[in-house]
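Note that subunit A is present in both complexes that follow, paired respectively with subunit B and with subunit C.
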Partner chain A sequence: MASVETMRTPTAGDNSVQAFDVERVRADFPVLQQSVHGKPLTYLDSGASAQKPKAVLEAMDEVYRTCYANVHRGAYYFSQHLTDRYESVRTKVAGLLNAASDQEIVFTRNVTEAINLVAHSFGNSLSAGDEVIISEMEHHANIVPWQLLRDRVGINLKVVPIADDGSFRLDAYESMLGPRTRLVAITHTSNVLGTVTPMKEIIRLAHKAGALVLVDGAQAVVHSKVDVRDLDADFYAFTGHKLYGPTAIGALYAKAELLKEMPPFLGGGDMIRSVSFAETTYADPPHRFEAGTPPIVEAIGLGAAIDYVNGIGMEAISAHEAGLLAYATERLSAVEGLTIYGRAKEKAAIVSFTLDGIHPHDIGTIVDREGVAIRVGHHCAQPLMERFCVPATARASMGLYNTTDDIDVLVRALEKVKELFG
Partner chain B sequence: MDDLLRDLYQEVILDHGKHPRNLRHPEGANRQARGYNPLCGDQVTIYLVEDEDGRIADVAFEGKGCAISMASASMMTEVLRGKTEAEARRLFDDFHRLCTEDGFTLDQAYAEDREALERLQVLSGVRAFPVRVKCATLAWHAMTAALDGEGQATTE
Partner chain C sequence: MTDPTTADGTSIDSRIEELIGNFSFLDDWEDRFRYLIDLGRKLEPMDEALKTEETKVRGCTSQVWIVDEVRPGSPPTLHFIADSDAHIVKGLIAVLMEIYDGRTPEEILAADIKGAIGKLGFEQHLSPNRANGLFSMVERIRALAAKEAAAGA
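Coming up: the complex of A and B.
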């Protein structure tokens, strides 16, 4: 694992926070040394997918080169060795989320799969007229599975509105909770607005009403320390590729007593106790929910990513990103004709914006020529775009390796966009 | 500013993008279709008024999108007026090749209206930006869908 020297720097309001040497961090990410169209890469799209440190690349490469085998299968050394390492990642994930037990961690491909798992294995137990509550700022991954559930069992899907500044409206939410509310599925951090939702309160109110809560943590685990027990979350999903790990590996946390009662999602190998044509019995959680050969090497990569992030420290990352967010907000706000969407008080390092009279798609193409990678489009959140009456936005999302220089490059590139459009 | 960007965003395109021609819902439209690009959310609705001889008597559009898709829709409405269905389809074939094929020149085109193709050639800068080809062809796909009576075209 790459070691990153930490040093104490005074930070406004909290001088106990440790900052880190961002240049040392950047050196850990080979892709950041690349050029695009003859310009140094300025990567501001970590919210879509983060870049990978050498520690992750090397861990995965090492497995393929030295000890690759299928897991949970063999009586031979490599299979057992890799099974142990694969299962040890479950422990790391449990540690990342502060789960009580690694048996509460189900590996999934991504958050989308995790939510679909809950929508089936838990959702299928719901009845017509039961209610599931989501919010206006959900990613399509936390909308469509519930619509499919609505089509299957006839639940009612209710949508909590958000305020104009992009914050979650607790008052509206509280008034929507009722005796038929069975599940609340809300993002912990909006992928478009950056809004951090008051999740502890959302969960407390849901539990008071007798409902469970699923948290979409795709953006949240990346930017801050998550503690599922402190939150008292029932389900919490995140994905590895946004946490500097590989694609195709993520996890669902679920309370042990819930997993115990839930039927399987996908059927196949690895999730069974015994199979006959007359009857099949299923493995205990979490393996009951992990059919087929898993993304073994990707899981090892995720373990390396968690080690990497822990090595730096989530508090240091949060502090670094808070500084970036403040700087980006200030610099972008000063660009004439630029509108920022999402100004919630609690916010992660994600800035969505538009420029007057210029479509985000054109912005994306032009800044790309300056080496700047940002996301433009609807960000898989079309209802949210409608809420703000825009077809699309441009979005700069920052990670631990970004610098204020990156923001300066973006701002200069935006000035070029405006120059071209005159 | 680099040359590829200057090629893509020529003055003519920026002008059409900012001030699209025929941005309206025409009286008596007897064919229409919606074009949708799910990647960026751009959408245009193309309206055609076909006369009894099968000629496009009027063509207009409504929609929202990037400079390229708006300029392309605007310019399309200008060149399609008076064309037969077959002529309109041939223009699209050539225009599509203009937007996608390196080395394609107007000598290889088979649409009759050279002047129209010369005007449309200004959009061929998208060749250097493959993800933007769909922006340039969105309105044309919708137009074809309208002729086919399909009502909807997506660029996926």
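Coming up: the complex of A and C.
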């Protein structure tokens, strides 16, 4: 793919965002220098969790070594200093999503927690017979919390079907919206198919029907620029560890007027205004939703990851990954007996596939011996596996540090798989 | 204690030793996998009707089913029929069959399977998920043996 090759060898002195040098990027990720089973690591599982650049590791290390303390508590220097830095990450997250204010950003452990938060704090206000709409390609994290809500308050859960190529069926969705629809909870990018959903249109139609929209952005924020105001999203959740940041830190964006009306999810320290045994009043958002000591250092790490990604430029990352996706699709399609699941026109750098007569777990085990890390299994999307009548798939998911060489190594490893099981 | 040897005159330990010998003879991982896959191909076919929710083994990343039948004799022994939709898992089943098939429930329960799997070196070739799946299969076989032992097989 010429476009990728071009990006790998930028002209000297070109400092624009287009000067994406993948080898220089790779040098920022220490783990990519590792070997597995005597082979250089080929990491194609960033959709599960991305590797971390030195900038993130160093930022976290520096906090522990030089200024660690709890936040929002002490009158002493370290606590105030770290509180400022912790809160400045909220501003960075607001910038990442183009939120109107950092007060619309609630730190959560991950997308799962963010969705559970909405399912409780907003969901509990729903009544029996109200409807929540999800889609066939949701991750379990965007299915199970709504089933739990159904069990609590008796909502109806409706599921939008997807087309054979993995694209979102807007027509079916539109016909499902009705006067009882209160919330639409849909992924922005499928973790299995790579499908990028027509989110702006999904939201426009939901709002027209009087419903709110929660977007699962776990896979979307890492592949492209997200603008919650342009989308007019009501809730938008993402996680740090897929964005080259640490685990256990993510965020929920919610419109200020929604957060203001929502009761707390978890109770404890840090989320209160005053506590007495007779009555407790709660802090304003976002702190109302952040009970207990937060993952402080992880938040600093997330801030460093956002700076890192911004430094490279999301547009450059998207362009690089689009080149990789095109190359991977072309190379994998040429492997005899290989079926790709998800060929939507709008697609992120995620390729799910099966090989005729070979279980994905067998594929995963053999390519691992070649140093190739891919995900095999149901990808926490069992209903989607059922939709495509497969027990599991293999999935190569790419990030900003992947190269066309990585795809070549994967394809060679798959040839070995075929030879072994053939 | 039950007799350590069965009808074919081999002890469970000697079969384990033989397996270890066969695998250690192959020093290349690829050959080991080839051998394992080959063993799986020779597995006794399992009737599709036997593949039910009840015979399915939980804790395996791929699908695995195991059933047992008591073979009369003195003492009675257990025969297992098992299958998986993954080739490598079928190979692992074949290895477990080498060890367990035709044994009395008491022998099965007394065998040091963890030690055997360790010596076979499977853990270094298998992902933790796979290794867990292998132990789930062992647990099911041991549960079936315990049930038959209690029933007086």
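The rule is short, and it goes like this: the second predicted complex is superposed on the first by the 404 of 422 C-alpha atoms of A that agree within 3 Å, B and C clash if a C-alpha of one lies under 4 Å from a C-alpha of the other, contacts with A are read in each partner's own complex, and residues count from 1 in each chain.
We take it that contacts are C-beta pairs under 8 Å (C-beta built on N, C-alpha and C of every residue); 3 or more make two chains touch, one makes a residue touch a chain.
Quick caveat: nothing in here was measured; it's all calculated off a predicted structure.
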| item | value |
| --- | --- |
| Clash-or-fit label for the pair subunit B, subunit C on subunit A | clash |
| Which of subunit B and subunit C A:M385 touches, first, second, both or neither | first |
| Subunit B versus subunit C as contact partner of A:G377, first or second or both or neither | both |
| Chain touching more of subunit A, residue-wise (subunit B, subunit C) | B |
| Which of subunit B and subunit C A:R369 touches, first, second, both or neither | both |
| Contacts of A:G422 with subunit B and subunit C, given as first, second, both or neither | first |
| Common interface residues of subunit A - those touching subunit B in one complex and subunit C in the other | 37, 358-359, 361-362, 365-366, 369, 376-377, 391-392, 420-421 |
| Contacting residues of subunit A [partner subunit B, same complex] | 37, 357-362, 365-366, 369, 376-378, 382, 385, 391-392, 416, 419-422 |
| Subunit A-facing residues of subunit C, complex | 29-30, 33-34, 37, 61-63, 84-89, 125-127, 129-130 |
| Partner subunit A, residues of subunit B touching it in the complex | 1-2, 4-5, 8-9, 14, 18, 39-43, 64-68, 129, 131-132, 135 |
| Subunit A - residues contacting subunit C, complex | 37, 358-359, 361-362, 364-366, 368-369, 376-377, 391-392, 420-421 |
